[in-house]
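Some notes on the structure that comes next.
Labels A, B and C are assigned to the chains in the order they are written; within every chain, residues are numbered from 1.
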Amino acid sequence: MTAVEKRKLVSKIVLSLSSLSAALGLFFLFWILYVLVSNGLDALNWNVFAFEGAPPGYEESGLKQALVGQLILVGVASLIGVPLGVLAGTYLSEYGQRSKLAETIRDISDIMMSAPSIVIGAFVYAIVVAPMGHFSGWAGVTALTIMMIPIILRTTDDMLHLVPSTLREAAFALGAPKYKVILQVVYRGAKAGVLTGILLGVARIAGETAPLLFTSFNDNFMNTDLNEPMASLTVTMYNYATSPYEDWQKLGWAAAFILSMFILSINILGRIILLKKKGK
Amino acid sequence: MATIVEVTEEKALEVKNLTFTYAGAPAPSLKKINMPIAKNSVTALIGPSGCGKTTLLRSFNRMHDLYPGHTYEGEIVFEGRNILSPKEDLIKLRTQIGMIFQKPTAFPMSIFDNVAYGLRLQGIKNKTELRDRVEAALKGAAIWKEVGERLKDDANGLSGGQQQRLCIARAIAVEPEVLLFDEPTSALDPISTQGIEELVTELKERVSIIIVTHNMQQAARVSDYTGFMYMGDLIELGRTEDLFVTPTEKLTEEYISGKFG
Amino acid sequence: MTSVMDRLFGNMTRITAILVLVIVAWIFTVLFQESTLAMQSFGFDFLTDEKWAPNLEKFGGYAAIMGSIVSTFLAMVLSVPVAIGVAIFLSEIAPARLKTPVGISIELLAAIPSVIYGMWGLFYFVPIVRDIVGGVGISMLAAGIVLAIMILPFTAAVTRDAMNTTPDILKESAYALGGTKWDVIKDIVIPYAKAGIIGSLILALGRAVGETMAVTFVMGNVHKFSWDITQPATSIPVTLANEFTEADGDLYFSALFELALVLMVMSFVVIAVSKFYFLRRTRRAS
């Protein structure tokens, strides 16, 4: 075999292996998706939405408290985390820019995005749960907010940065003060991107379990009081799936399915918003 | 329709009725091009942006095939065969027809390894042979004096003009029959440009050269034949001294006198 | 009036940005403070003692720490080759009409909560492990594999992004010399994107080491470390997840916090190394 033929053969082999590994990866992932969808759909019925949790064996058992709790926890965390993240990202893009402080904040924030979420749970336990004496929705909200800020900060920073400087300069040239330039021109220009970033941030924290395990803890019954432990889909899923009761396990899959659909929808929505913006 | 002067020398390549359409494009980018390329001379392709000169150049070494979906019609005859045939061995073709790109593209390796790359691809392992051929190529590209003492250095440490000459050395090391130059000096300063132009004139003793350039003066300085293209057609091909002084086609005359483009 | 608003707004943004640094510093401080009791009681032996006996008030983090290290290592060994294969497939092989849908599928799969990987692992994968290697199924091995699958989308996506930074013109130059696809990948793309690829892989490792939910379902939480990966084991996140709510007594909590601190430091250092050493931050031009 000539050298050239050998090279062509090696190339073919390597590329086949690489396609195989892509197939292998996709195989596992689609297996998981299949399991999720089939178990989820199987377990899904109106009971899930109508009833709160109940001891195993009860017919009238559902996820209502977990759904409501999840919405409250994610919602309140977003209400706090999004403005903070957007403002911080605004600082980085519009004020700090390439200063040492700004670069340090960016680097630390990036690292925090990949840091273990369970450690954040432990931290919040120490500063919220321990002083309060009990688990609470507020502790869960705190943990989720801490996780959310770096994500929103980064996407806001990047998206605002994409707005061309000529746009800002034109506004300044008309005599606008900086805060108005930002609020009225820059934010407008980056609207789609920032919004997508927010959606993706919400999607990410909505899927978190570990930081809630010992902050908001869990509850089988309906509770909307943030001062008390609060149910979440993720923790409920964890508890039910690891339990030995089949009906609880089924509910666990229903919860998994609902949560995944929610997260995937938000992701897709975010992409559509970005695509529409590009199309303009 | 087009005015094509007869090429009396032996031909290195001949383009016959070439029509090329990019993937998904509504209309062809090259329309029934007929063009001879003389051996051991320099043929320049000139024309305004979008006329198809680079598209034509990249057809000679089938670069388009890296991006699937396009269609060729017609033939390009090289060494008695049609290189547009689906059966053509592209790897072998590219060792016979080499290419220099618009920006210097030194690989992330040492100077020596850059020039030796094509040789190693062909399976040449003998250290002496590699060294000799690398030295010959660097001399042929008029850069041996500058880098002969530091062949192990990273190629990215060279200046733009030096890197481009390194790329030329790399291309001639495999001893191709044809060299394609795609606006090789557009990213270089005037002194480096001059160096490359001198090199092109020397190299034609050994290879046949096709050079795409948007700089008419460069084409006039460097080439033996010039082809003027416009919107996918070859309008005129002639001996350089004739085409620039007394062009036959009105369009050619307008382009040369700067009326457009 | 406007200048007041202007200053107010500017200060608000600056304060929130600095808040990030404050929070991080606060986290380390609190973790450290909460760990002091355990650190004083056990000293460096905490890192090497395996005995974890809450009722005896004796805590050694060796099993958890080694479990974290080995399970993550196992996950990377399994995941990285496949991730690189997927990245090569996406950046060099896949035809245009496959590239986007497959690429997007991988990114969407990365968005699936890790708890679901854990659930799948527990119900569907553990029995298979049980059948093949015996034992209970719940093991370091199962945890490593589930973790590998979970970080695969992320690892593949960032590796693909690193590879895609290679300029087309450089690749074309290599093709123009008669290179095959593999020649171009191994001689041009990988050397060019080397820093980005290694950085991405290390970043993935940093995330994997902190992963809780994919692993908790299938690892067991047994405070014994053994190189026999078919045995159940524990890791720091798994220990924390299982024991935090049941802990009582200051020493127990302090030991758990010390584990959390170790984990935070490990993860932080790994991610920082990847970031500062390998990954240059890409700034899009304004």
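As a working rule, a contact is a pair of C-beta atoms (placed from the backbone, for glycine too) under 8 Å apart; a residue touches a chain by one contact, two chains touch by 3 or more.
Note that the structure is predicted; figures quoted are calculated from it, not measured.
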Touch-based graph of the chains, sorted into line, ring, star, complete or other: complete
Taking each chain's C-alpha mean as its centre, the one farthest from chain C: B
Interface with more contacting C-beta pairs, comparing A-B to B-C: B-C
Between chain C and chain A, distance of the C-alpha-averaged centres to the nearest whole Å: 16
Chain centre separation (chain A, chain B; CA means) in Å: 52
Rounded Å distance, chain B centre to chain C centre (Cα mean): 49
Chain A, residues touching no fewer than two other chains: 4, 7-8
Sequence positions of chain C contacting 2 or more other chains: 178, 180, 183
Chain B: positions in contact with at least two other chains: 91-92, 121-122
Complex contacts: residues of chain C adjacent to chain A: 2-3, 5-6, 8-10, 12-14, 16-21, 23-24, 26-27, 30-31, 33-34, 81-86, 88-90, 92-93, 102, 104-109, 111-120, 122-124, 149, 152-153, 156, 178, 180-183, 185, 203, 206-207, 209-213, 216-217, 237, 240-241, 244-245, 256-257, 260, 263-264, 267-268, 271-272, 275-276, 281, 283-284, 286
Contact set on chain C toward chain B in their complex: 95-96, 167, 169-180, 183, 187-188, 191-192
Chain A residues touching chain C - in the complex, by the definition given at the top: 4, 7-8, 10-11, 14-15, 17-22, 24-26, 28-29, 31-33, 35-36, 84-85, 87-88, 90-92, 94-96, 101-102, 104-112, 114-123, 125-127, 146, 149-150, 153, 158, 161-165, 177-180, 182-183, 203-204, 207-210, 213-214, 217, 234, 237-238, 241-242, 249, 252-253, 256, 259-260, 263-264, 267-268, 271
Of chain B, residues touching chain A in the complex: 91-92, 121-124
Footprint of chain B on chain A - complex, ascending: 2-4, 6-8
